[in-house]
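Structure in structure tokens, see below.
Per-chain numbering from 1; labels A, B, C and D assigned in written order.
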Amino acid sequence: MSRIGFIGLGIMGTPMAAHLVAAGHDVTGFDLNADARAKLTEAGGTAATDVAGAAQAAEVVITMLPNHPQVEDVVLGTVLDVVAEGTLLIDMSTIRPETSLAVAEAAKAKGVRVLDAPVSGGEAGAKQATLSIMVGGDEADFTAARPIFDALGKTVVHVGPHGAGQVVKAANQLMVGGIYALVAEAIVLLEASGVDAKAGLDVLAGGLAANRILDLKRETMIAREFQPGFRIDLHHKDMGIALAAARQVDVALPVTGLIAQLIASARAQGYGSLDHSALLKVIENFAGRA
Amino acid sequence: MSRIGFIGLGIMGTPMAAHLVAAGHDVTGFDLNADARAKLTEAGGTAATDVAGAAQAAEVVITMLPNHPQVEDVVLGTVLDVVAEGTLLIDMSTIRPETSLAVAEAAKAKGVRVLDAPVSGGEAGAKQATLSIMVGGDEADFTAARPIFDALGKTVVHVGPHGAGQVVKAANQLMVGGIYALVAEAIVLLEASGVDAKAGLDVLAGGLAANRILDLKRETMIAREFQPGFRIDLHHKDMGIALAAARQVDVALPVTGLIAQLIASARAQGYGSLDHSALLKVIENFAGRA
Amino acid sequence: MSRIGFIGLGIMGTPMAAHLVAAGHDVTGFDLNADARAKLTEAGGTAATDVAGAAQAAEVVITMLPNHPQVEDVVLGTVLDVVAEGTLLIDMSTIRPETSLAVAEAAKAKGVRVLDAPVSGGEAGAKQATLSIMVGGDEADFTAARPIFDALGKTVVHVGPHGAGQVVKAANQLMVGGIYALVAEAIVLLEASGVDAKAGLDVLAGGLAANRILDLKRETMIAREFQPGFRIDLHHKDMGIALAAARQVDVALPVTGLIAQLIASARAQGYGSLDHSALLKVIENFAGRA
Amino acid sequence: MSRIGFIGLGIMGTPMAAHLVAAGHDVTGFDLNADARAKLTEAGGTAATDVAGAAQAAEVVITMLPNHPQVEDVVLGTVLDVVAEGTLLIDMSTIRPETSLAVAEAAKAKGVRVLDAPVSGGEAGAKQATLSIMVGGDEADFTAARPIFDALGKTVVHVGPHGAGQVVKAANQLMVGGIYALVAEAIVLLEASGVDAKAGLDVLAGGLAANRILDLKRETMIAREFQPGFRIDLHHKDMGIALAAARQVDVALPVTGLIAQLIASARAQGYGSLDHSALLKVIENFAGRA
């Protein structure tokens, strides 16, 4: 069992830290929010009073933060200064690959090992410990971290060197955003043509167009029920990461570029707090079907 | 059992007609190609010498033709003039909904019943009688045609009034084209970032981005194997239908508009005879990864 | 001076026919609308009672019709059957190049000479005889028609073989639609950023981004005044022609594909009767700035 | 006359600093490149040995730097620490508005006045002192800086508060990029259709599609001459700024999103050092006309 410092006890971090406690780890956590810290102590962990307090005695530090500026602040600003050489830092935040590479470089200079390990599966996946975890970094560090990942997720894959986890997450998000847009256009076309959308999507779900979004969301989308789930605002952040990841390696992605604008439109039109399936609202406004 | 006239004995029509013979129907078929006619007689059907010969004595006429001009020629030019009142005409061609509506109107004027019933599943689905069949028209006619459809396909759904079958097929094709483009952009991003594309797509296939194309085609796409399957040229035709269907009901579909140009680009770049997964070549050329 | 048959006396055709009368030609015209016919007689022309009556005695037949089905009806259905060999047919309608080629072929078979000669400049250009006229067909026929064109327009250019006039018109319309969209995005970005849009566009109009739309329309666009001018509905038709023209020669045009959907969205959202500068409304709705 | 510190003596900064010397100002400049410093002394200015040396005694500090990281380094890292209260800082770099706002806030805290004043017109405009200058910041500071701007440019406009200059520059660049793409699609369509592209573009240049790019570049584009001019790599940077500017104020811009990918594609395909009119190569590759 390991002494784990866990920084970032939000919607995702809170249940993840609890799973680690339940798995027998000694977890000291920190979050700016006092309620979040209280939940950790209720779950059997220890609350630190600041980032340094959570990190300094840890063998493994896990960060689960909103975006790259927070990772830069916490990791570059504090964690790397207080941990011992040889500590393993697992950044499970979804951020742009560029920052993961910068963190890896800064960590290496201090003799700290690091993995980027973003997840998909959302709040439900965090609660049920069924997350998909995409891991970038050295094989040996991945192997060492395996018991921790296994306490948190179901699909755990080492996909390549530092930053690779973030790239795979970015690829996941561009595909998910794109498939939502396609399902939305299919629904709009069917409805505008006087076709029974449910019957139509049932056929599609049985053929080459079959996909998990169609399976899970077609009924709520047709009913225009958009409670999150995963919010548009978060997907908007993630499309920014996908575009930054492409820019970083000098590739151009035409469909991703358009999907990013569609999701930005969802946010701009005021749907930021709805589920990402609310991309349908953008498509139907655009199609004059609002 | 029915007397069936089957017009259009191509890659799809030949095995379909054979299944109908095998199911006990009396099938008289026609195609301009003599070899195709010979195959029908070998399968136990009868070859007619022209469209009228195949249609005139039939209780049910099935057409399986390349595109709307052929349907207009065959159906409006001949079939409706030679068949008896009450005949059931099943057009299984993939054409624009507008033409299906025009055919339905012309048929009604002559007392002929009509269904539009395009299929998906390709040559393999035709041979194995596992097609998905999307049917537009009157419920009673659908019920009457059910035994015929059951001899040809596995998923058979009545999706709405005349033209609805074509609209659902169009929705299917825009989704399939779009998902190919998304998988292609994911592969290009992963490879350009130095990530193991296979490992990355394996993770994606286990999460919300999961889809049948990823299941069936990710290995061949990564290996750049593009033997058809379903050719780019045919998907190009089908995207034209999707755009025409949207235009017909005055809706605008931004992603479909872009996907149509990507597939047009595949054809323009000389990949028309390759499988539609060769959309990857367009994306990698665009991304400077050729 | 020539005996001219003029078919299609709409908003454009009426002033054009009047200019030809004023230039000394003997003009016999036809339109389904009686008021339109009356205007021609007031202008000094002669009204025929049908297409054949306008065409049969003419040395030059001019058609100015809404779209390709009308051209097919009028030209293929009547004009080519009643005119004498050697007659010059000038189709000034904006239609897809494919139909212009079909008309040229049918005309050749009857010994009729034909030019496609679509115009730009709108109602104002027609009234002031300042149209731009883009002419496809044989050089000799262009030379013969020159006096007629000079009575109607200011910029008259022979751009290539049959259909070339339509292709140039299509290129014009895709550029105009695209520039409107770009001006709209600039306005939305400026306004959302708290920048004085007028001052900002003034700078743009003085640099490499300068264009005629910015010159003529920036004030009305900023003021949201969208009286036509040239209606969205007509531009929607023209984008369909641009896409068809590209498809016909197997090229893919990514920006045109998107612009076509934006203009389709304008129509779908109910702005079809507004000036095409109302594309701004689509962009601001999309951008959440409505 | 003012004591001016000029930091960043590149292709643009060198002739600009020389114009300021010629206008009678006392210019002390710095650049990491020794040749650039030598050119300034040849022109009658003084070379400093570091940023602080150029800035500390200046009444006006001008920065002309590649992108926001350099502006952050130079301005936030040094200039604001060494200049006297009341100094006027004019940042003429093209950067994202967000950074201009951060600079303005940091400057205010130190009692330093600041303007963002990006330019368009390129190397030729810098050499001939005919730049367009788009200025954001307080009116009084703009008035104070006016003589300096007048020594550098022809069109000088105060467009709004801090950051507004950058937003207008971003709007300029998205329009320029977009118009290049539209001209490219027009050329590809004309050529593929067998139309004389020169004759066709001549007509377009006389109508509503008229624009400065068509005026200046249509002949070189048709001839495929792409010597810069303004390089694709720089336009790629600027499209990144345009997207960031839109994101910052939460608007979505569909055409800009696509144009950004097209220009990214130009760079990815290896055309980064060519003139931005080389966007034509992306369009013709996409259209299968390479």
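Here is the rule we use: a contact is a pair of C-beta atoms (placed from the backbone, for glycine too) under 8 Å apart; a residue touches a chain by one contact, two chains touch by 3 or more.
In this text, all values refer to a predicted model and were calculated from it rather than measured experimentally.
Visitor: Pick the pair with more C-beta contacts: A-D or A-B?
Guide: It is A-B, judged by the count of C-beta pairs in contact.
Visitor: Return the distance between the CA-based centres of chain A and chain D, expressed in whole Å.
Guide: About 36 Å, centre to centre.
Visitor: Averaging over Cα atoms per chain, report the distance between chain A and chain C in Å.
Guide: Inter-chain centre distance comes to 51 Å.
Visitor: Just give me the whole-number Å value for how far the CA centre of chain A lies from that of chain B.
Guide: A distance of 38 Å separates the two centres.
Visitor: Give the residues of chain B touching no fewer than two other chains, as numbers and ranges.
Guide: Expected reply: 246, 250-254, 256, 258, 261-262, 265, 267-268, 286-289.
Visitor: Looking at which chains touch which, would you call it a line, ring, star, complete or other?
Guide: Chain contacts: complete, every pair touches.
Visitor: Hey, which residues of chain B end up touching chain C in the complex?
Guide: Residues 240, 243, 246-247, 250-254, 256-258, 260-262, 264-265, 267-268.
Visitor: In their complex, what parts of chain D are in touch with chain B?
Guide: Counting only chain D, the residues touching chain B are 254, 258, 261, 265, 267-270, 282, 285-289.
Visitor: Going by the contact rule set out above, which residues of chain B touch chain A in the complex?
Guide: Per the stated touch rule, the residues are 97, 120-121, 132, 134, 136, 155, 157-161, 163-164, 167-168, 170-172, 174-176, 178-179, 181-183, 185-186, 188-190, 192-196, 199-200, 202-204, 206-213, 216, 242, 245-246, 248-256, 258-259, 262, 283, 286-289.
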